[in-house]
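Scroll down for the structure; my scribbles are underneath it.
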């Protein structure tokens, strides 16, 4: 409800409102920004890409004949020439170690690289485009009839890697800017409209004198703000692109090199014109996000990204196979288990890091916040075999408390400590007093170290939201896939067909 | 159909199932509509296999279900040695501890002499995979301590996710899968389309994946519901079990609900209870309004219906004789956890308002459809998933959810809903995505809701 | 489902002098996109060209189609149906178990050189219901007919296959790719409901000729490019659910009288074009006429209806414009202004007491944490 209310307020106020107090994603010092355009009607036919780590020096790559498969893979090689060095720069000294293990496996003995690359794209469809580009290139053969440059399958594997990291919710390695911005700001338009980067930014920082709504309306005009891609505007396709491509094609047929040169120059200009505005918006988005301080757990999550990256680099180096087309039964089950654990962990971390996120749980009765009105830090429980330290505090809150005595809660400020609800008393003035008995996080003696127990006057938050820290479930080895799930799958041997993929 | 006919019909199907068990290559699947005698079948099959000298494991989904099964098995087969494999901190429930032939332990090795071992799927999954391939181990008898059994019986298999099955499938050669296909599907909070269309989608149900990979496995359907009264079986069967269908075991005359006291006046609540007692259904209709999920008027209505039913002393007559309806035989079913919490608070508030009921009102079961699966009550009060909503979402339209809420009762079901649901259904845009390779699921949620509302409209009792 | 003449006359008046929009499977399947919108219901029933009136009142629709997509689609289809559809037959042989020994291929693109729809429809009817047509297996671009509202819509499925057991299967050729067995679910959904339209029309045709409509299978075939090349792959689509949705929508359209009765007889969306086709109708007047009929705007309209921008502007200030889930989170309150004043502590009407408490709390928490007053 908090976010909905913020949207309503934004709609009336004319400007987007923050819905997070901190930034919940890692932002690299030098992210690799990529904006793409693809040809309509094809599975994955790149038209052009604007890519780079320096906002003032974007590199433009254009495919002169986007329907020509040879040119497509030449483009991929050109893109690889830019992207691969940007990735490999992070694989510095051999910190990778010899242990490969699962991507994201828990028993990770190797030292991860000190940093890892980050790819920023405008929106989810661009991320999907990269996934498809990765799929169409990673199985390509470097020898034989339809050989491609060796950098092409390598690029494919890396693009696939980034795409898979993008599916893991705590990861920051591949970020669609629309999703990240919409996570941190509530606009006065709908979520559907927020998927458009230009209208989203129009709400977040409208030009002087304009309301968010008016700025967004203006930004919807594809002539003013070309779409962020990879799908191009149909009118642009029909009125600009098609005539240019036709002219270039005809000039090639008739051998008119001058005309062809002009047409190709027109093509580059036209596509640059479609991509550059989004490029500028991307950096505007980066600046906006850099204006927020990072949440407490962001660096820890980035460490997971670094570990994954290290493992992937080692896998490639050691000659491991490219990612399979589809998951086998065991791989799928393992991945699902991991995604569920990660998602749970992320939800808890976001709430613990950001009071605005925790506020949603306060609204549903899964958390409450208030001031400590009584504190007995030295209280000892002598009823058991040995006396144990069990401080007690009373918190006064205006939140609705739905917990019953016996509920076990935690506080973001003292995550190692458990708080058991002893009593909940409504004081009749709209406040509730909750008596909590504390355990843990205070060392082993009967005297708590200073600061380990909340003092009178402290503002505290307690919640039932906690990470279960379930161990990773065990699954059979892939060669032991049981009959219920179809038995062991055939070995995924790349055949000639993979490498060829008919070029008709 | 008379009860005798129903019993004969059920027996015939059970014999066919047990017969198939004897000659099964890989296994048997049994679809069990609500109250169709699933536990009876599981008990019969387990005993049948054990008596043939086959070692069997039984897989339940929750500790509650496991303990219920043990109670029945141990009672009906006092000679059979039954093992209960449990977590280390498990304290045996009374109904388990009372049986002499049941051993409780957290170590599988303790059960080497037991022909039958029962545990939850989660516990079975923790047994280490010895890494032996499918062909490696032979059935050398009870003395073999290997973690592999010739037979498994998987209970509530439609509610088990296929990745959970993957974790335990190495424990057995053949299996009997029993479950209710009409109830809630397993789900995940992770949103991804990555595995849709694959034959081993980890988010699908265990039975769905099993049958796609082993299409020769016979599927039987238990034909009769012992729970649902003749007023409910046809409705539930046609709305939620469009292909197989089932009938009530009892006839209209076999079940009834009356009251110990007569009311002073006939409030709408009393009228609704009376309608439900007479015809098996009532739709307690609140005025049309878009409301919060924890619509206090609707929540209060649910609590009030339960309270009135207890106050007036509901009495049921059935083939089990005549019994007063106690609080634990009344349930209030909802879609969301916060609604369940709100209902419980409303019950507690009413307990203060009706001192004569005392604390019994708080023994009324108030829970979500997820948690009510598999349970049975005399009187069911349901807060309709679409009540007070402006739009229907896939979650609220899910047929399984409505099916669970509509099929718990032996006698009567009162549905609490704000007016406007048929209109909401009519205006619902159906823009559902279609995934290649994913078989279409029936019944369609929209159709099931539509047909259920059409039926309920005959039993409308306005709240004002 | 015959429409009474008064209703037809009324709808004609609503539409004005323009010809009714020519329906195809795609437009028919889009009719069910927002059944709860009276504005859409009226305009669609009358066959109004929503694109033109949207443009005339100053809200041109954001939809367009890239020629590249069209070209690719045509090329893919042509490649499949060339040479008596040899490649297609091989594909269908496997998925439909067609008997290849006696394969017939009948092309309905033109009948005796004539491409008139009525002629093609008659020829189709004869071919599909007749007994004496020789080996009948594949029918290319047959012409079907469906009654929508009060008029006939002529529909052209890509192909219909007839198996030896007498069952008909609709075949749709699309150019979106199937990659590793998966395709864009929204596009597959669109293909499914379009196929359902054809199934429905074909069932009508068979039934009219006295045959058994269940001969037309609910299993349709989708043919699309496999992975990144132009080789085709076939997938089967079970369209039973889509048939149900379609049926309901078509039935709903016949109940248009109830809706019509709410509006004055004089209501019209006529553009009043001059000899060159330029509209003469005053845009403000037209806008008023449209505004008279209530709409049911939600952001989903932006992808499905040509009037979306106009309705969106109209819906400014409503919580629904922010999204269905936002409206739901705000407890169903209609207007943002209302939600905000309740959040500021304004006394709520009795039926909003509960939601008001929540909104107030939410606003207090936001103020506490962000220092802003909403």
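Should a chain be cited, it is by its letter among A, B and C, assigned in written order, with residues numbered from 1 in that chain.
Keep this in mind: contacts are C-beta pairs under 8 Å (C-beta built on N, C-alpha and C of every residue); 3 or more make two chains touch, one makes a residue touch a chain.
Fair warning: this is a prediction, and the values are worked out from it, not measured in the lab.
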Quiz item: Closest chain to the protein CA centroid?
Solution: A
Exercise. Return the chain whose centre of C-alpha atoms lies at maximal distance from the corresponding centre of chain A.
Key: B
Quiz prompt | Distance from the mean Cα position of chain C to that of chain A, given in whole angstrom | solution = 35
Quiz item: Per the centroid of Cα atoms for each chain, what is the distance between chain B and chain C, given in Å?
Solution: 39
Self-check item: Per-residue overlap in chain A, given as positions that touch at least 2 other chains
Solution: 326
Exercise. Any chance you could list the residues of chain B touching two or more other chains?
Key: 198
Exercise. Provide the list of chain C residues touching at least two other chains, using ranges where the numbers run on.
Key: 181, 300, 327, 358
Quiz item: In their complex, what parts of chain B are in touch with chain C?
Solution: 193, 196-198, 289-292, 294-296, 388-391, 426-437, 439-440, 442, 444, 446-447
Exercise. Report the residues of chain C in contact with chain B in the complex, numbered from low to high.
Key: 32-36, 178, 181-183, 185-186, 188-189, 191-192, 222, 235, 237-238, 240-241, 244-245, 252, 296, 300, 304, 324, 327-328, 331-333, 351, 354-355, 358
Quiz item: Where on chain A is chain B touching in the complex?
Solution: 167, 326-330, 332-333, 335-337, 339-340, 343, 364-365, 402, 473-477, 479-487
Self-check item: Touching residues (chain side chain B, partner chain A) in the complex
Solution: 26, 125-126, 128-129, 131, 133-134, 162-163, 165-167, 169-170, 175, 188-190, 192, 194-195, 198-203, 206, 209-210, 213-214, 338, 341
Quiz item: How about chain C: which of its residues touch chain A in the complex?
Solution: 62, 64-73, 175, 177, 179-181, 225, 227-231, 299-300, 302-303, 316-317, 319, 321-323, 325-327, 329-330, 336-337, 339-340, 343, 358-359, 361-366, 369-370, 372, 374
